[in-house]
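Quick heads-up: structures coming right below.
Common to both upcoming complexes is chain A, partnered first by chain B, then by chain C.
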Partner chain A sequence: MHKFWRVSAYEYQRHVLRSRFLFVLLSVPGLILVMAVVGLLISQAHQSDRPLGYVDHSGLLASPLPAPELDSSNRRVPLLPFQTEAEAQTALQSKEIQAYYVLPQDYRQTGHADLVFIESPSSDAEQEFADFLRVNLMSGQPEPVAQRLIRGDNLTVSTPDGSRSMSQNDWFNIFTPFVTGLAFIIAIFTTSGYLLQAVVEEKENRTIEILLTSVSFFQMMGGKIIGIIGVGLTQIIVWISVAVIGVLIGRNYFELLRAVHISPGFIGLMLAVMLPSFVLIAALMAAVGATVTEAREGQQVTGLFTLPVMIPYWFSFQIMSNPNGPLAVALSYFPLTAPVAVTMRAGFTYLAPGEILLSVGILSLSALGALWLAGRALRLGLLSYGQRVNLRELVGRSK
Partner chain B sequence: MNKTLSVLKNEIIVTVARRSFLLIALGVPLVSILGFVLLSALNRRAPNSVAEFFSSVSAPGQKAEGFVDQSGLIKTIPDSIPEAAFKAFPSRAAALQALRVGEITGYYLIPDNYLETGDILNVRPDFNPLSAFDQSSRIQWILKVNLLGGDVHLASLVNRPLVVNKISQAPSPQRDQQNPLTFFLPYAVTLAFYIIILMSASYLLNSVTKEKENRVLEILMLSISPRQMLVGKIIALGLVGLLQTVLWIGTGYSLLRLSGRTFSLPQAFQLPLSFLVWGLVFFLLGYAIYASLMASLGALVPDLREASQATFIVILPLIIPLMMIGVMIEAPNGTLALALSLFPLTASVVMMTRLAATSVPLWQLLLSAGLQALTVLLLVRTVAGMFRAQVLLSGQPFNLRRLVNALLGSS
Partner chain C sequence: MPSVEVSHITKTFGPVKAVDDLSFQVEHGEIFGLLGPNGAGKTTAIRVILDIFKPDQGQVSVLGGPMVEAKKNRIGYMPEERGLYQDIPLERCLVYLGSLKGLSPDQVRQQVGEYLERFDLTAHRNSKVKELSKGMQQKAQIIATLLHRPELVVIDEPFTGLDPVNTRMAKDLLQDLRAGGVTIMMSTHQMHQVEELCDRILLIHHGRALLYGDLESIRRRYSGHAVLVRAGGNQPHAASLDAVPGVEKAEAQNASVKLFLASDTSPQEVLHNLLARNVILERFEIATPTLDEIFIRVVQDEGVQSA
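Entry: the complex of A and B
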């Protein structure tokens, strides 16, 4: 057992105590920060504050109430009335306004209107004009009713026992399973590659033969896998801590972030599915590393394992809107797709404990199977140098 | 010239005959064809079973939803809502009981202070926020009509104050900003381009690193010039990349045709034939630029492990446009998009985004292609110069400074 830990400690230190690891570690949060800042700057610069014109033939806007003040950070676009379409057209041509609406005489009956533009106006501007109309349509209504209809409802969804609830204002939380799933995938991508290389490299330079005179196959493979998983977990823990700190600081500035909350149950579930799947993928990578002859070949084959992990993202729309549908359920029982599928479903529906247990059970069993396969691949791959171990040899009976 | 050709021939044969290439180039289309055949067979046996499997809507419940109105606002249910769809309950307990026995799928609680707060509570056992937000539009509609004293016409006007007829005075057909294709078409084109260029360019990195590792490169350098070798390799692997792309796109296209769906994109979204031509031009140029850069990496890094990490530095200029793609699709002729589509390292991908999103003036296309071609020439020259013994054999670890120095010829 001592040797087992020694291999894993070596493997862990080899990657973590490198300046390059620090670079990978910091580059992800750094990149996200840069993206956020650039996005914010660009969206600020992009908003046009040229006024929006309107020509009203219906009489609704003869003495208009102003558009409602909504608590949003979007810049207001001034609304300019014109008497005739010709005037509005001149203003549009001379780029005084970004577009103009024409409300026909029968607007109140039909709701139809024309929007004339050269370049499509921003959706914020269109939204603002719609709000402006809304206020004026309700000008005869009592104040509380008009206020309610302008401000809209706040829907909260809850399970009957109240154990889970989410308000429409907390929609931001919908992204939690996505973000954690993504962090998991990035960690898998970066760390499993290490494992593959670790095995292939030592095989290529024949160190592994010498090593195996003093440690067993299991100690060697198991130690490496545990060490690499430690590297991956270090990454995830650092990223999540950075995210938590970011959210805590951001709360003071952005209302959106105040609604973010993650339940301990969700964290527990994440750990329960992600740990075995980490072992599973790492072991599969190690098995590939042991069977191929060159690192390059191995890299191409690993795509076959990492691609399925992302499948739930391709179907995220189906999983989100129908989290108990056959596709979502199937994906949460297939070992490679389970980690992302289960976390995604957990965000959008109530998962029975039995379902979670079954999924984690399948994952753990497959992880054990993959470990066995990896050990076997290493032994066979070692004996048949310079040639690939094929699948039949790998799973067949040893001679 | 003769030697370039033999490099080219050898490179194509070696790459194409590799088992992993066959697996990816043929395997991906093969798997999709198999999947397609399987799905259509399943569909024939039990129509709609496939659609149901992938359905994004939970099975339409015939059962009603309940509501508990503590605010006393709901007096009528508008005609547009089927009578059986909603059941009123006097209290939460009664609604909960009905939910337990399966009489209703869920219920809404409208509290007595609804008018002040706007709060509505939706209790449902499956806790699915997304479909809850979607389905709640019916109860919100009922509330709206009742708030306006039962005036359905006014309520529908308040709900949707504008049915807009858009009149564009722009010279070319404008795309509807609301249409998801406006975003997804350029996005898909950009992503596909990005993948194809990187995939083909990384073949070159592999090929150079491998020959460097097993020291074949040194022997090769005895009989051919670095430039001959580099040009041969770049052209050969570009052709391989093109072959792979054609295989994939061809399969995708024929599967689409087979499934009976023809491309019926709205007119503003149809990509002209010239798009294909420019696509080929910008693929070749973008590929040549990144392939030469990858080759320079291959010459500098000591082994493949370092190489895959150093790749990140080289492909960074390609990642930046991907990060800003939203802006470029929204303003495809804006300053940012124009600048990035002229800068040689980002031009190939960004120009394709712009071409898919709008019509680009010819002079910009020509200028961009010209600048890229110039970059290719310069890069091939410089990179060929890097295939010298002191660079190849140094075994020093790779870093950005070494790459820049080597490219400037001052290492």
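Entry: the complex of A and C
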């Protein structure tokens, strides 16, 4: 085992110390950061401190109650009453206000109001005026009733054992498995791609012969795969850390991010599904690397794995709308589609432990099979320097 | 006990029989030459011995038994082409390869330092392997092969790319290793190196053994019945020497003359006859062919027989 870990450690260092790894490592958080900054700038550009005016012909706002306190992250827009529409129009033209509402006399009956603007006001401003109206419409009601109506509905769905629940206000959490699964898949494929290239290079420059006269096939392939998994996990840990830091900072400014939470159960599920998937794909990549003569040729063959892995994303609507349907369940049991299908379903339904165990069991067995295949491919690849090993040879009788 | 014992191994790749019923032994503490033209099956034989390939038939015994993982630390192998990681610093590459041979981190660093010094590569320890010249890479490969002080060294073309100074250094190193009891199995095309270094040889062609045994015996076997003579002063030419009793033919060969003797004539008789004719001899020796000549003759004969 000593040599096994030396191979792993070397393989880990070899890739982590390369500039291309640092580029991939930083590019994803960098891209997200750029997108977030651009989004924030666009949002800020749309924000306005200017008051929002109103002309009330209905009498509802004659002695108005103030609008409820807004979230501290959203700027409060002052609400300015006008006696006539002409006054409001003048204020609008002189840009003293960003827009004004006109409540007609029959507003209480029709619920109809007009909004007059030159440039549409921010959604926060509209929301604030809506809250302001709601408070005043409820002014005659008993306090608890008024408060309850103002808060509105919030449907929460819980699992039978109560371990998980989801409400309509924290919809962001539904997409957490979706996004985390995608991050895992990107990490798995980028790092497994390194392994493929490394095996092809070692075969080309005969380093593999030196290695095989020092360590066993198992130590070499197993060590490489564990090293590559370490590289992938480093990538994921950095990405998740950046995401967590981003959420922790962002929740001071965005209500949406305050609802984000990841349960330990979900982390356990991700690890249980993604680790064997990592071994499976890394071993398949190593097998491809051992059987082809050039890295470029190997990368073309890897499409055979990348496409099945991405299939659950193609059927994401079907999985979301029927997470326990035959398609979603079948994809959870097929080794190459399982990692994405299981994590995606976890966002929308309750997965029974038996179901998870079966999926992880199939994945683990497939990973072991892929390791065997990689070892065999390497032996056959060595026998066929400069030639591709075909599938029949790979799965045929041992030489 | 032989260090390597190969018994009737056969290895086939599709329709090609790369090694065909090959048997030989490499004795402990000798330098053994594995010779043959390109595609003869030398590298396949080496890979079978090192358990990189499994033979279709036959047995291999290495260091007293079948090849097992524990024996890998006692063997050093240098393949013909490259065999080093190209895009990492030299020292890191050597330390890693040494560590896979069971050396502790301290041992491997010390050994690498000593060898880099000995091969004049200390200044390049932090250079990437691909930045080194071909000769330097060859030296680095030799270091990687010997770092862990193996008992059996298997090397494929060890002198390729080395300048005369470094070739001498590598030869001295191999001879030192032999003196220290290390068994060396060397595959090469450079016959003069074999003549200088090897105790015994195996010549293979089309995967089969053509010549096997002690180098001197083989040379004597192929010497024919001839002597090399160089006469001093104003001495007779080749043409006049074929008149010497017992000489069938005389042939100029550089500054000497090669005398082909009649089958019933011994070299001593010819020497006596030459002295009787007052020929002043500067050189008189049994004519033994160079290994190059034997190699070409045997391979050509084999070709004729195969045809």
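A few comments on the model shown:
As a convention for this text, the second predicted complex is superposed on the first by the 214 of 399 C-alpha atoms of A that agree within 3 Å, B and C clash if a C-alpha of one lies under 4 Å from a C-alpha of the other, contacts with A are read in each partner's own complex, and residues count from 1 in each chain.
Quick note on the criterion: a contact is a pair of C-beta atoms (placed from the backbone, for glycine too) under 8 Å apart; a residue touches a chain by one contact, two chains touch by 3 or more.
Quantities reported herein were computed from a predicted structural model and do not represent experimental measurements.
By the touch criterion defined above, A:L65 reaches neither chain B nor chain C. Within the superposed three-chain model, A:L211 lies in touch with chain C and out of touch with chain B [touch as defined at top]. In the superposition on chain A, A:S321 makes contact with chain B only, not with chain C.
Applying the stated contact rule after C-alpha superposition, one finds that A:H112 touches chain B and leaves chain C untouched. Touch criterion not met for A:L248: it reaches neither chain B nor chain C. Number of chain A residues touched is higher for B, counting chain B against chain C.
With both structures placed on the common chain, the touch criterion links A:L26 to neither chain B nor chain C. Overlaid on A, the two complexes show chain B and chain C touching the same residues of chain A, namely 201. On chain B, the positions that touch chain A within their shared complex are 18, 20-21, 23-24, 52-58, 96, 99, 114-134, 136, 140, 143-144, 147-148, 154, 156-158, 160-170, 174, 176-178, 206, 209-210, 304-305, 308-309, 323-324, 326-327, 330-331, 336. Of all the residues in chain C, the ones that touch chain A in their complex are 13, 47, 50-54, 69, 72-73, 75, 77, 79-86, 88, 96-97, 99-102, 144.
If you check the complex, the residues on chain A that touch chain B are 20, 35, 38-39, 42, 46, 92, 101, 108, 110-120, 123, 126, 129-130, 133-134, 137-138, 141, 144-145, 148-149, 151-160, 164, 166, 168, 171, 174, 193, 197, 201, 294-297, 299-301, 303, 315, 317-318, 320-327, 330, 348-350.
For chain A in complex with chain C, the residues that touch the partner chain are 3, 6-7, 10, 14, 201, 205-207, 209-216, 382-384, 399.
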